[in-house]
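Across the two complexes that follow, chain A remains constant while its partner is chain B and subsequently chain C.
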Partner chain A sequence: MNRRTRAGLALLAALFLLAFAGPLLSPWGWDDTDFAAFRAPPSAEHWFGTTQSGHDVFALTLRGMRRSLLIGLLVAVLSTGLAALVGTVAGFCGGWPDRALTFGVDLLLVLPSFLVVAVLSPVLPGGWPMLVLLLAGFMWMVTARMVRAMTISLKEREYVLAARFLGVSAPRVIARHILPHLASLLAVDAALNVSVAILAESGLSYFGFGVRPPDTSLGTVVADARGSTTAYPWLFGFAAGLLVLIVLAVNLLGDGLRDALDPATRRTMP
Partner chain B sequence: MASFLLRRLVNHAVLVVVAASLAYLLAAAALKPRANFEDRTPRPPAAVVEAELTRLNLNDRTPLADRYRVWATGVLHGDFGRTWQGSPVNDELWRRLQVSLRLLVLGAVAGFALGVLLGAWAAMKRHRMPDRLITLGSYLLLAVPVFVLAMLLQTAAKQVNDVTGLQVFEWVGESSPGAADGTFGALGGLGDRVRHLLLPTATIALAQLALYSRYQRSMMLDVLDADFVRTARAKGLRRRDALLRHGLRTALIPMCTYFAYTSGLLLLGAMFTEKVFGWHGLGEWLIDSITRGDANVVAAVDCFAAVAVLLAGLVSDVLYGVLDPRVRVGAR
Partner chain C sequence: MTVPEPVPPPVLHPAAEPVLEPAAEPVLEIADLHVTYAPGVRAVRGVGFAVRRGEVLGVVGESGSGKTALALATLGLLPESARVRGSVRLRGRELLGRSDAELSRVRGKDLAMVFQDPLSALTPVHQIGDQIAETIRVHAGATRGAARARAVELMELVGIPGAARVARGYPHELSGGMRQRVMIAMAIANDPLAIVADEPTTALDVTVQEQVLEVLRVAKEATGAAIVLITHDLGVVAGFADRVMVMYAGRAVESGPVGEVYRRPRMPYTIGLMRSLPRLDGGAARALPMEGAPATTGCPFAPRCPVVLPACARGEPPPAPVGPAGHVAACVNTAATERQDRVFPDPEPVLRSPRPPRHERPPVLEVTGLVKHHPRYRGTLYKRRVGAVRAVDGISLDVRAGETLGLVGESGCGKTSALMEILRLGTPQQGRITVFGQDTAALTAARRKALRRDLQVVFQDPFASLDPRMRVAAILTEPLTTHGVRKALIPGRVQELLKLVGLEPEHASRYPQDLSGGQRQRVGIARALALEPRLLLLDEPVAALDVSVQAGVTELLEELQARMGLAYLFVAHDLAVVRQIADRVAVMYHGRIVEIGSVDAVYEAPAHPYTRALLDAVPYPDPERERRRRRTPLAGDPPDPSAPPEGCRFRPRCPRHAGLDGEQRRLCAEIDPVLRAAPGGQDQRAACHYPQGETPWWKSP
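And now, the complex of A and B:
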């Protein structure tokens, strides 16, 4: 493990701890209203200040952070899993399944993903889990292409050929002999997808196309402060800061992993 | 080269048609501007709403296939239809494009130039203080969502304005009303526009800079130990000259093509900046139109963006061939 990976992991662990154990530290719940403090700046009572309607910003921010982290992780796992499935099947089977899947990938790549998610997510039912599906559905294509190309070359290796000629079934060959070889690529991809997903979610939520009230994410917390950025910076500052820290931690972790696993980049990176 | 380009062009044209059609079908199926008419006060009679929607080709009771046929015929004749308020999409698209370009050109070029300089400098000072600072800075910047960056800049600008007691920075819109009629006349109008440009341009430039500097750094590291740089050193050039004249030029080739490619994406990528700073450009229009259910506008902006992205891809292909002789030989 290099320094970057360690720093990323430590930061991420601290952020998870804050998100899930943080509410224990503060007496205020996210739906409590303090009628004595409207739009109060940060103080000993309200660490991150209060909103226009007297809600505690600390509790609200942590609630949004839990949602954002969850969305990021789920989207990353789903999209990388889908990429692995489609890529290996297309690469391993060849023929018409390959052509059909490749056509599907190309078609999805042409569609403007932001637009599709922005148009569909308010119309479709299902709240944030639907948003997770939509985001994951538009993030896997590039990885699937890489996986497909690698599978095609792995397919001709002796041990894979041996397994195939011994009569091992295709799903088993993919699971036991091809996927382990792709594990490092997929791990890095999943890690970096977490930050992409969190950024995409917060961007959509900022415009009102992502997570919607009464649900909260870091994006909606920032978006709610839109009109009062300059006058009441605490309304968005803490949520924005945590958002940046999460993405930073995940990027450090992902890049560190890539350097550790890929000898070609290790040479040039510190 | 010509046949290669022609093949790419045909390929791209097919993709644009597919992308635009899918975008229209999606927007027309999901967005319902009917409520905009029915919520008017006084509430118009149902027949009037129906007739108006049909006239604008926005009626969700017309079969989707029919609406698509009308839309596609219009687009083939260069007409993107009408907004839900009845004005032609084409005029507004053209006007908004100019607004977006006024903002983007400066930001993109500044971001590219600064990013290349910082990235090259970081690579030359590899593992030393400047490199570490630049790497840290670009990591931080890459983690900041554009809308957060814009809001932070606004907050900082407010502080500066308060401290100095002057209106140094402006962060709403493209210009203040009546600025050109002041004591300084047209000059005052120009100064006012520049002050409005400052923050959004900085937002776009900073977001771009982080990306370019990372990319340029790794490109530069690749050529740092290349044989031709060593040859240049051996013939007596100083390290800095060898790196700048031979190293940087080579490392710039992929950067230029990358720049051309990203510029295509930027047209819509500026929507956060436009939204936060109240610039009435293309990105803002797209977002507002999705909220309003204005299907024709969404399809038009998207079609335009697809053309921009694919054109940028084509330009970057051509640039690569023009700048790098090795590719040209390979293509023949």
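And now, the complex of A and C:
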């Protein structure tokens, strides 16, 4: 594990700890209202200050962060999993399944995903889990094409041929001989997808399409501060800062993983 | 531009008369050369030699012997991280320690090179003529036009047909043999003093190898350059080199004049290497297996040496004279190697219980009129079919219980495609495949899976055929679990399999990358045998192995066959290996079987001219016979598989066709010959209108 991976991992762990253990440190809950402090700047009492309606920004931001991290992780796992499934099946089977799946992938790629999610997410029921499905549904295609291409080349390897000629079934060959060779690619892809998903979710939520009140995400926290960004910077500054930190940590981790797993980019060790 | 038309044989200089009297002064002189990659990885350890003008030095060694490091060090092409010590002198000028810029002025001018892979040595985006011309302009400062004209001249010299046209083409348009000719043309462009050729013919088919060696011979005579020919093939050295140096574990263990070293090798390694070669003439002596790794202290060959003495462990023996004309060997016990036939014990013959005659044994595999065409498409948006690569174009063969059928031919002849088509156990495009009496086109999925137990495969490359992420035990377990062997029985069966193929129990916990090539191939064989099949399809199972390891694997296959009554379909391009292991042989050319029959009949009296040409092209590891033989290399390249010629497909390259009169030729041009019983052959059929059992050259006295 190189230095960047370690830094990314440490930062990400710290952020998770903050999101989930942070509320224990503060006496304020996200729905508590402090009638003595409206739009109060950060202080010993309210670490991140308070909102217009007297809510504690620290508690709100952490709640939004929990939601954003959860959405990011779920979207990454789902989209990478879907990409692995579709890519290996299309690449391994060839013929009409390949043609059908590739056509589907190409079709999804030309749709303006941000617009489609923005239009669909308010009208579909299901709250934030539906948003996860929508985001995941539009993020897997490029990886799937990559996985398909790699599967096609792996399929002709002699040890894969040997397994097929032994009578090993296709799902088993994929699971035992193909997926392990794609594992590094998929791990990197999933890591980078986390940050893409969190950014997409925040963007959508900011415009009011993704996570909607009363639910909170980092995007809604920033959105609530709309119009008062210069006068009351604490309303959005902490949320935006944490967002940047999350994306930074995940990207560091993803890049580090890629360097560690891909021999082509491996530098000579000192 | 497409593939060049068939080439007439290059203008040969029949007798290898040296053009120049060999001067006493050596041209290229290497002394006490050491190459160290990482600390402790010593690729070359104190090698020295000298080559004179017009002389050819053959450097022979197996993988890991340091022969390529030697070549790169000579050329100054080692990576930065490698450390080189010693001396490399070209006509007295020291080359080691010079800057890359200074070396570049020497390389390509006085010191030229030919590599194994000509495609990666040529720039894909420049015209061939320009690339040769560039070499001339850089070093000789000729004008563009003059250099271009000289390039075409050089291409004619190396036997490229339509040189002026080819000069405007690009490297990918040429066949491997033609590219290697271009490399040789570039090498001799500036009248070099010395040429270093590193495995120049290893990637080529035997018939093309013969052509390229002939060109190299012409090049040597045209320039009078000294040649250092680095190869693993003792046959190539026998025919081409004047002196030979045998390398083992980074040292020159024996060197001397070719005739002397081949006739009286004195270092046990050289003796073993010679004896581990399978013989094309099926001589009485069997190939000798000689496996093992070099020792790190003392004589590196000691662990594999049959005449090892206590003194061998004390230090590396220095080279000492053992014969006339500078024949030296680095061996303590040269007294024991006086009689080379006594050094190694004769390998025990494989005991075979007598088999019933062929017609009484049941067929295990029958292939009738099998066709496999790969369609070719062109166009980006709309893909149109523009014909097909006729990989397999109607072949019929049968394998009976307990016998081996060798399937031989040059690359691209369709032998591997045929094998894969059989292994698929699917419905062929045309024709019929019957395995153990069951037509593969009529199989249900369950029957097909059950049938796979009886039919298994061993692949060529032991580095690619084992999953690098699985331990040996897991690799051997996979077939067992797939076919529902009870869990409790599996560990025992894995141990049994390891023992069966001559591996140790502790190998089970290793990963493939921790095993040697020979050991990996044994694991591949063990995996194939796990389900006790009755028919093994072997795709070049020994081609990727060193000769000394080849013999061991071949012997294992023979033993297994004798013990378990296996039938083999053995795909190979090495005719000598097939001679040793096969009962019958089928020769493929251009998707067809052109000759099939018992090994003895086909090798002793090949009826098809192509079989004859293939047999003649195999270099023979005996310098005297190799030099006596009249060379008539088969002209041209293997044909374009998507456009077979009308009539007989071999006609454009056929030496027999050239000697026919007009009326006889019409038959060849118009009618595609079918397999017919060859004259005089018991079990021998050939697809030729004018078959005749010819004696191959090595049978003639």
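Of note:
Throughout what follows, the second predicted complex is superposed on the first by the 266 of 270 C-alpha atoms of A that agree within 3 Å, B and C clash if a C-alpha of one lies under 4 Å from a C-alpha of the other, contacts with A are read in each partner's own complex, and residues count from 1 in each chain.
We take it that contacts are C-beta pairs under 8 Å (C-beta built on N, C-alpha and C of every residue); 3 or more make two chains touch, one makes a residue touch a chain.
Predicted model only: the values in this text are computed from it and were never measured.
Look at chain A after the overlay: chain B and chain C fit there side by side. Judged by the touch definition given at the top, the superposed model places A:36 against neither chain B nor chain C. Contact with chain B, but none with chain C, is seen for A:195 once the two complexes are overlaid on the shared chain. Within the superposed three-chain model, A:44 lies out of touch with both chain B and chain C [touch as defined at top]. In the superposed three-chain arrangement, the CA centre of chain A forms the vertex of an angle with the CA centres of chain B and chain C, and that angle is 90 degrees when rounded to a multiple of 10. By the document's definition of touching, of the two partners only chain C reaches A:180; chain B does not. For chain A, the partner that touches more of its residues is B, with chain B and chain C as the two candidates. Looking at the shared chain after the overlay, A:24 reaches neither chain B nor chain C. Closest contact between chain B and chain C, by C-alpha atoms in the overlaid model: 7 Å. Comparing which residues of chain A touch chain B with which touch chain C, the overlap is empty. Contact residues on chain A toward chain B in their complex (touch as defined above): 107, 110-112, 114-116, 118-120, 123, 195, 199, 202-203, 206-209, 222, 225-226, 229-230, 233, 236-237, 240, 243-245, 247-248, 251-252, 268, 270. Residues 15, 18-19, 22-23, 26-27, 30-31, 127, 131-132, 135, 139-140, 142-148, 151-152, 154-155, 157-158, 171, 218, 221-222, 268, 272, 275-276, 286-287, 290-291, 298, 302, 305-306 of chain B are the ones touching chain A in the complex. Against chain C, the residues of chain A that register as touching in their complex are 157-159, 161-163, 165-169, 172, 176-177, 180-181. Residues 423, 448-449, 452-453, 456-457, 459-461, 464-467, 469, 478-479, 482-483, 524, 527, 531 of chain C are the ones that touch chain A when the two sit in their complex.
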